[in-house]
């Protein structure tokens, strides 16, 4: 049984990670998971939000947004509606938490890094592509800040790597990295964020139709762990290249 | 090793479910998980949102909010700030999804039920108490609507029961139903929504400090399943009483 | 001629005042005027708003809100609409002014007390119940602050007591403490805030249908004064009990 | 003992009412109470808000606003702040209620009249000047609508006249029509809206410093009634002139 | 061929400039271009916005607004809608830039002048009347500030004069100072801001129907320059009078 | 005298126009003017806004936005601030007007085309690049709609072509197509929108420092006309290629 785009159930879509896509940002990446394209920038500023001043610790936060015509049908701009929707909030918070999981704030010092993840084209998995790309932009921004001596040498602010993938159950079959059409049809949908050593940062599973069993949960978790391992390799390869 | 409040790791706080707490709402419950108190009302209106009209199907949605002084330090009202925060949005969406998981929309007919979950006092686990209480309010509202012939007899809109509990790892020990002090100290924090037959509706786990392993995940999932079973019994007992 | 609920024209509904309803707030009261139930908390914080800094004087303010299903038909949440309605603003301001009328700001010192009055169930007279209950919560909060030495001994910040009641003319008859059904039918509607010694803090009368005469005004003012005296007694009794 | 501007306690400031100040509005008035100047327009539109459609009845509503430099110190524009303050809301509602008190909605038919009261210069009593001027603009707008046959002849939509004045107690002395300096110093401040036949539409009294006694209340009510009678005469005189 | 109101193509409408229209503002003008009436106030405050502190330089900014019934059909208040429309923003920015063009910020010192331009009645050309009137209010405010020693003597903050006029092509004919009816029918519409010595501060031309040629552009620019010269004379005459 | 980037005063930066950059939008273009990169999509929907229904005419509108890190320093998202800034509004309106200038609304029929212009990287001239790119996306969207028979054959909705360029005076020298560094230093800054036959759609010139003379205006207009001619050629070349 093959998938819409001919993949096997445990196969990722083609992943590309292009670094240095912005001349302004300290780190920037255009990442694609198949037809899903997310532009991730990492912006470094000295200083931290007021509630963290004097702590000696830095801060990392994220904002996610979709261009109005990144989807099949044009959506309203949140700036025009005057408020951010619940889904946007939720994903921005997820991206921020995921990246903070691999940061040593003491080593970062009182610097703030903001990750902007703007979806240029959406075809399922935008939040997982955003996390995976944002990690690479973050790594470049930290290297930049070390070069500028904003971050002291001797202690690495990145304590690990992080990537994310979606998994789901479609027609009873566990599938890795759902495209939009699969996502719509999934009975269960899960986003998993893993560190490079295979541990979990976030696990968010939702029964879209039928509640899922413990066995089904185990099946899709297995897929997710293998998918994150492949994404971890793609991140390493991208970062190994000269910018 | 005992917990702050003397419980064993797999023990829920005392749970109380008081039905009929409002003279206006079609279903209403004051639920407490220890010192966490949430007031849940279910409001039935004929008709559905515009995008669902003519479908023959109903709709269930939820809004969660905390009173400004439900917490130890007074928080700003979201109505005064003029926008709803990300956390509120996220929890409202979670409650709505969780209850929709046990609804047969065809059987509900073109009726809408809004669940309002207002936290009167917070001590950890407000979203899980809200889901657990909202289920009972929803059940009462459906009974009311059946009595009023808004819902046709013959087919039951409720396809199952649903409850929720938080679990976490504190000092390396998996604990059930975290109170606020435990929640703050947890390395990993997870909210689990289960149906009465032990299947999963939502699984949301977050590493607050260290990423967690597959074994740790399995340990807290076990606790969550047992906790939901106990909550399911408490719901049944509450609903068995005469209103 | 008897009223809907069998009361005489000059009779209050049953009044209950439960103190200590919140484990977090410095003062907290659940007050009921018949089926109207308002949860009042008083939150003490050191310091005052910017415009008052360095004055040596404290500040007291209030926020009023109705839970969406406190009424017979569910109302939209103001946080969801993104703005506070005129009625809410007006009542919040009224409560704040009423309580400031019995405060010696010098004696309070540079401390701020915020009174949150959240209507859990509405059946007419929510603002008057809120003022009456908020006074008791305020008194408890001041006692707490004296115990914590936030307020210096020797001078009492409370210069008097304050309570409030609605009065109106229904079918030509002056009535005390209108329930919702009476309120809807009233030709004239008035809210009166009195101190314990029978003086006026606020008098707000509105002709809903016919303009009212000076004689009618005098008649309902008489009722209001007697009602506030009874509420003053209820407040004293509540505060006399051990918390 | 004479007042700041030399008036006796029971004397109004000079009142001017200029009709026809706008070429666009169906009714328009520039009213001044001393240095307080309010521009009032009445806009007629066919049809009523949705909730009133099909009732055969009309609607009258009001919006009050202050130009940013109508006061001694420039205030922020509410349009720039993005929300309307509580005071503005409260006064808009008061003006609307006051004018609806003299309208027969059946006779008005399904037409809406919006009264805009914009304060060009403020020196105390802006809301009372607004009500007094809006009445005249409303009367002109109704005459216009009768001329256009929007309102059927035979039944007069205006059932009476309405005007408003402020009264207060300053240094223990009851004063009529407070200017800004007196208003700031008043112990008690009251706004009274009367019909031309001397009955009350609104009575809103506030103790700014000391609570006030029943005798004091009676004293300022007497002043208010006499002030409104004088304003009623000024309105009649203005309306008697050819536009 | 004559215009709607009988003017020749190169003729301004009657211009009146009344100074001292507010007792509160440091400079204030009621300007009319025919039936267009704009109330302009200049408010002086010591100090500058945060981003300019310590620079030794002042700031000048403007806010433009239309009263809801300044137009033929009542418009919604922007304060009620909760946001400022694009047109309002655009005109406020234009007025601010135009007046800053004739200010020496060093000579102004760290003072801020806010120009409020509120349209009381609109009949085309509201932005050009606003700029022309605001200049006079600004000049008076600067004189006031010099009298109060807020601005040091020796160096004049005003480096020139500024006025503005609209021009357009209607039925192929270039016309000066369009009234509303002409504006609606114009193929091309241009607003020109000139200094008193005939140089340009702003040129904003828009093809409403057909794109315009270089020759047409030259024709309307000629008209605009002559119109601004006449407005410059009117400003000088107004300022020459004793306030 | 050469420019920062070595161009002659009358030379455009390298222009690239990539069509088909989105798989979802009916027309899409990534346009670059040197380092300025704007992503333009054209979204076609059947039907028109309410105020245009039944007219038989279509509508074209535009929204402009900058990604937060498109600039050298990260800016706040307008969706997060909850309101759109004046500059964004102004540019969105300019783009919409510019493209409507070459549309025959009758030929478009009751269809709406929304142009989204999102700046991915900014280096001066973002609005002129947006207009130039949006024209190409619009042309592709119209071709698409003709293919889908949404637009009837026989009459071409596009009545011409349109492009835009910035010009300015820097150190007294008129320059074409300013990059950011030049823009900041410009004494005069002008954006010019031309049709392919050399006529003007918009002319917006602003004196940033010194007012400009008629001769200077003529000099930069000459440059703008030649620049738009070159952009017109680039658009034609891009559209001539097979998509």
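Going in written order, the chains are labelled A, B, C, D, E and F, and every chain counts its residues from 1.
Criterion: a contact is a pair of C-beta atoms (placed from the backbone, for glycine too) under 8 Å apart; a residue touches a chain by one contact, two chains touch by 3 or more.
Since the structure is predicted, the reported quantities are computational estimates derived from the model, not experimental observations.
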item	value
Minimal step count in the chain contact network, subunit A to subunit D	3
Smallest count of steps, each to a touching chain, taking subunit A to subunit E	2
Matching chain pair for D-E (criterion: over half of the contact pairs shared, by residue number), options A-B, A-F or E-F	A-F
Distance from subunit F to subunit C - Cα centre to Cα centre, in angstrom	59
Subunit D-subunit F separation of Cα centroids, rounded to whole Å	51
Cα-centroid distance, subunit C relative to subunit D, in whole angstrom	28
Contacts with 2+ other chains: residues of subunit D	82-84
Subunit F - residues contacting subunit E, complex	83-87, 89-90, 92-93, 97, 101, 160, 190, 194-195, 197, 199-207, 210-214, 217, 221, 225
Residues of subunit E that touch subunit D when the two form their complex	22-25, 28, 35, 39, 41, 43, 45, 63, 65, 67-72, 74, 77-80, 82-84, 88, 114, 116, 118, 120-123
